[in-house]
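The following blocks contain the structures, represented as structure tokens.
Okay, so chain A shows up in both of these, paired with chain B first and chain C after.
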Partner chain A sequence: MKPGTRLKSAACDTEVMVIRAADGTIECGGAPMGEAKPDEAAPLSADFSAGTLMGKRYVDTDGKYELLCVKPGKGSLSVDGVALVVKDAKPLPASD
Partner chain B sequence: MNIALLLEMAAEAAPDRVGLVCDGKRWTYGDLLEAARGAFELIQESEAEYVALLDESSEAAVIAVFGAALAGVPYCPLNYRLPDADLGALLGRIAPALVIGDEERVIRIAGDQGHTVFTREEFTLKAQETYPADDAREYDPGEGVAIQLFTSGTTAAPKAAILRHSNLLGYILGTVEFASADESDAALVVVPPYHIAGISALLSSIYAGRKIVMLPNFTPEEWLRLVEAEAITNAFVVPTMLTRIITAMENGVTAELSTLRAVAYGGGKMPLEVITKALGLFPEAGFTNAYGLTETSSTVALLGPDDHREAFASDDPKVRARLASLGKPIPTVEMEIRGENGEVLGPGEPGEIYVRGEQVSGEYKEKSALDPEGWFPTRDAGYIDEHGYLFLSGRADDVIVRGGENMSPGEIEDVLLTHPAVADACACAIPSVEWGEAVGVAIVPREGCDAPDEQELKDLVRARLRSSRVPEKIAVVGELPYNEMGKLLRRKVKELLAE
Partner chain C sequence: MAAALSIPLARWADRRIEVLADETAAAAIAALDGTTLLGERGSNGGYRVPGHVSAGIGGSRLMPTRDGGWFALTLIRKEDRELLPALFADAGLATDDDAAIAAAVLRNDCAGLVARGRSLGLPVASADEIPASAPVEVLARGPRRDRPADHVPLVVDLSAIWAGPLAGHLLWLAGADVVKVESPSRPDLIRRDDPATFDIINQGKASALVDLDCEAEREALVALIRRADFVIESSRPRALRHFGIDADALVRETLGLVWLTVTGHGARGEPAHWTGIGNDCGVAGGLSRALADAAGEIGYVGDAIADPLTGITAALEGWRAHARGEACRIGFAMSAIVASALDEERTFDPLLLEAELRAWAAAVGELFPAVPRRRLAAPVRDLGADTGRYLASLARC
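Take a look at the complex of A and B:
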């Protein structure tokens, strides 16, 4: 998956931009994400329904995946069934 | 990844929020994105290979940078202060370009280069009135160059530094939290559009959701007036501006400044006297010293508000000395000090500053300056102390930085040497409260000649170069210090001039 690729959730409004990715399946709301929205929406899995927040970056523990949420939704993000977590960025004072 | 994403996200999250105020006109994020999309159409139609700006800061700079990004064409803001011949040569290097700004001048000096030229007003209006021919526009994926900036070219012809979308996005995403600003936050932007800080200010404020207030022509009075009128919360200044603001305040110019929470500065050496006064005059503001270069997409190290206040309040000379420091590298950047043979130096040892990170491009159109491991040699000299604070000792190549303007000692020396009574000359930086640094020169009179009159030498430099190059201090010496290899020891001349 190329950096810069935009993926859409099949289960909610979430859209992410890929910053870093490996070969696993990127999912939202428990369903695989794709560059196009499917004609029929996938059901939102209760296990992956915590929601996404605009502008947050989501990562896996190994540092192989990083996704930037560019449109929020009700589903939450995972790779091969393992939930991604919000990347904590230490806020810096504005310097420009 | 395309930097246009920053504006797209701001417009998606808050289309009706005011993102920009310029000349009294207010632009929402939605307005700006729509105009950038209109600019994309104009750029496509022109078949330009670059989008250039030859103008002061205005909404056109924002529309142009994002319009160019959407079109996948590098945005190249130019220094309008350059003489015609130099500017014409730069325009020639980016032809054919869509040039926005001083139409009359472009036609006069580069009329035969195939550019498409718009005045600011024409460009802004057309960008607003032009809509995509169909809804499903394919915008550029952002795999190439977003911005090209010509270096000031003090030693040779200006180099074309390039910043890729990935460098700039690496910087913004790594240092700015999306929509983290309150709706009442407002940043006062006074840096010219052709400076990296002028570009990074636009990108970071838009991503943070902080309203940009532009002041194209800095005067301390207008700066103070705008802080009050627009309830400014954040401001970036170069040291010279801060000096002038303080002088104006000391001379009785008053303004309501209580909204001002954060003042960042950079672009040159800040005199200790000035920052100390500023900390006293703005007791509520947090000060941040930012160190960065064009080739690093802006800030790579910073001294934050807490460090400033701690140093200001301390009696410990070592802690107090941090007011002159550039702070610590930001978390997303690696930094090393290296010696002459490339060896990594330890705390306190002076050498050349090297940086590495996503935001570090270190790339020129002609070639990349990165080493095989991705490190960029900044050509700045400095050291990191035992607590991790970075101190800059000067330019590795002795460039004099006067009020943010870089000047090469060589060009001043060359002019002085044209005087029949001057046998040898050395120009170097001397400390200046107003400008950070100013030009000092030492001259050796030709044998059998009397030393020329100071005013005569100043007039000579003024006539041949710009007035900023005129030496503030002139010393007459019997000979200049050279080492055994015949290399001029500028440091010794500096010491002599400081006496």
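Take a look at the complex of A and C:
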């Protein structure tokens, strides 16, 4: 999956931008995400329904995947069934 | 003869400061001028007039794009560089290599980079964009409060870096009691990284430390806000909501509360999600294009110029709202404030503005115009020194 690709959830309103990815399946709400929205919505899995937050970056523990939420939704993100976690935001330094 | 070097738009700031001094009747504000407020960081820090790389630490760069545009990109956090492969759709990009970044910019069209950069939360701009929001916008209104003539206004300053803290500083010079509130997870890093500037614009403010991740501390902060006259904040709107602080609701409920929201590009709709800081917002406001039109060479004008222009605007509009007595939340969009100041200057004295821009472009590499270093008139409080005094009921997590 190319960095910069925008993926949509099949199960909710979530959209993400791919920052970094490997060959696994990126999912939201328990269903694979795609560049297009499927005609029929996938059911939202209870195990992946914690929701996504606008502007948050989500990562896996190995640092292979990083997704930026550009549109929030009810599902939560995973790769091959393993949940991603929020990466903490850093404050802006003093100057530019 | 070439005009002496001055920061373009400093005269715009002069006029605003004169009005603010008049309306607040504050001698300390009357003693200020635009050149000081726009240029004291650069003068004190030995900054040089910038070209394609912003003044000071050089965190912002103007780079040409494939379609003949100019793209401004500010990279001051390591985390932001991690987003560059996504910005350029190039997994192999050397994210620490400025030449590689410039080459990637040149392979793309400007508007596409700006759109994608903003989706990614990067501070980016095009030299040819039109600001997305109004410079000053009333976002919410609330009930009025009649105050006795000798009332000392209380300002809760939640803002960081330069624009918001400068607004708080001007209100302090106007006689307000200002408490600067910082969170352990998001302190105002200018305290550490540029203490000379920090001290000037935060002198005399009390300092409170509030952990916004802790519900009890957040409640104590909201209680402080409910008895305040002003709030100043410069976080993205969603960040406050994330912490359960609803600015509009507090304004609707609190008599006479004036809430000043400083953003890069606006507080409503899509632009509320964009980031913007002083230099790239100057570009987004059209100032670099104006420089290129006047002098034939594009570059950054001033030092993070959108910050002081916005701080001055916020202090003046905030003071006026406070004088009216009605509660309101006012949004200040930095890019649009630059654009409106530029517009006004073009109307006011187009020839002088052009001469100033040409002199600025001719002075690339020279030291910033020197302004006398302001002496501190009050102590700078240690971080959190006054927490107990302002948040007596604070229950720590």
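Heads up, the rule we're going with is that the second predicted complex is superposed on the first by the 93 of 96 C-alpha atoms of A that agree within 3 Å, B and C clash if a C-alpha of one lies under 4 Å from a C-alpha of the other, contacts with A are read in each partner's own complex, and residues count from 1 in each chain.
Everything that follows uses one rule, which is that a residue touches a chain if its C-beta (ideal position, glycine included) is under 8 Å from a C-beta of that chain, and two chains touch if they have at least 3 such contacts.
These numbers come from a predicted model, not from an experiment.
Q: Look at where chain B and chain C land on chain A after superposing the complexes, then choose clash or fit.
A: clash
Q: Quick check on the superposed pair: does A:K74 touch chain B, chain C, both, or neither? Answer first, second, both or neither.
A: After superposition on chain A, A:K74 lies in contact with neither partner.
Q: Who does A:M17 touch here: chain B (first), chain C (second), both, or neither?
A: both
Q: Which partner does A:G4 reach: the first (chain B), the second (chain C), both, or neither?
A: Both partners, chain B and chain C.
Q: Have a look at where A:M54 lands relative to chain B and chain C in the superposition and call it first, second, both or neither.
A: In the superposed model, A:M54 contacts both chain B and chain C.
Q: For chain A, which side has the bigger count of touched residues, chain B or chain C?
A: If we count touched residues of chain A for both partners, the winner is C.
Q: Please identify the positions on chain A that touch both chain B and chain C, taking each partner from its own complex.
A: Chain A residues touching both partners: 3-4, 17, 19, 54-55, 57, 68, 70, 90-96.
Q: Could you list, by residue number, the parts of chain A that touch chain C in their complex?
A: 2-6, 17-20, 53-55, 57, 66, 68, 70, 88, 90-96
Q: Mind pulling up the chain C residues that touch chain A in the complex?
A: Listed in rising order, the residues of chain C that touch chain A are 54, 56-57, 59-60, 74, 76-77, 79, 82-83, 85-91, 116, 119-121, 123, 160-161, 185-194, 197-198, 236, 238, 242, 273, 277-280, 304.
Q: Within the complex, which stretch of chain B touches chain A?
A: Touch residues, chain B against chain A: 1-2, 5, 8-9, 12-13, 141-143, 166, 173-180, 187, 197, 200-201, 204, 207-208, 210, 234, 236, 262, 264, 266, 286, 288, 290, 292, 298-299, 302, 304-305, 330-331.
Q: Looking at the complex, which residues from chain A come into contact with chain B?
A: 3-4, 17, 19, 54-57, 68, 70-71, 89-96
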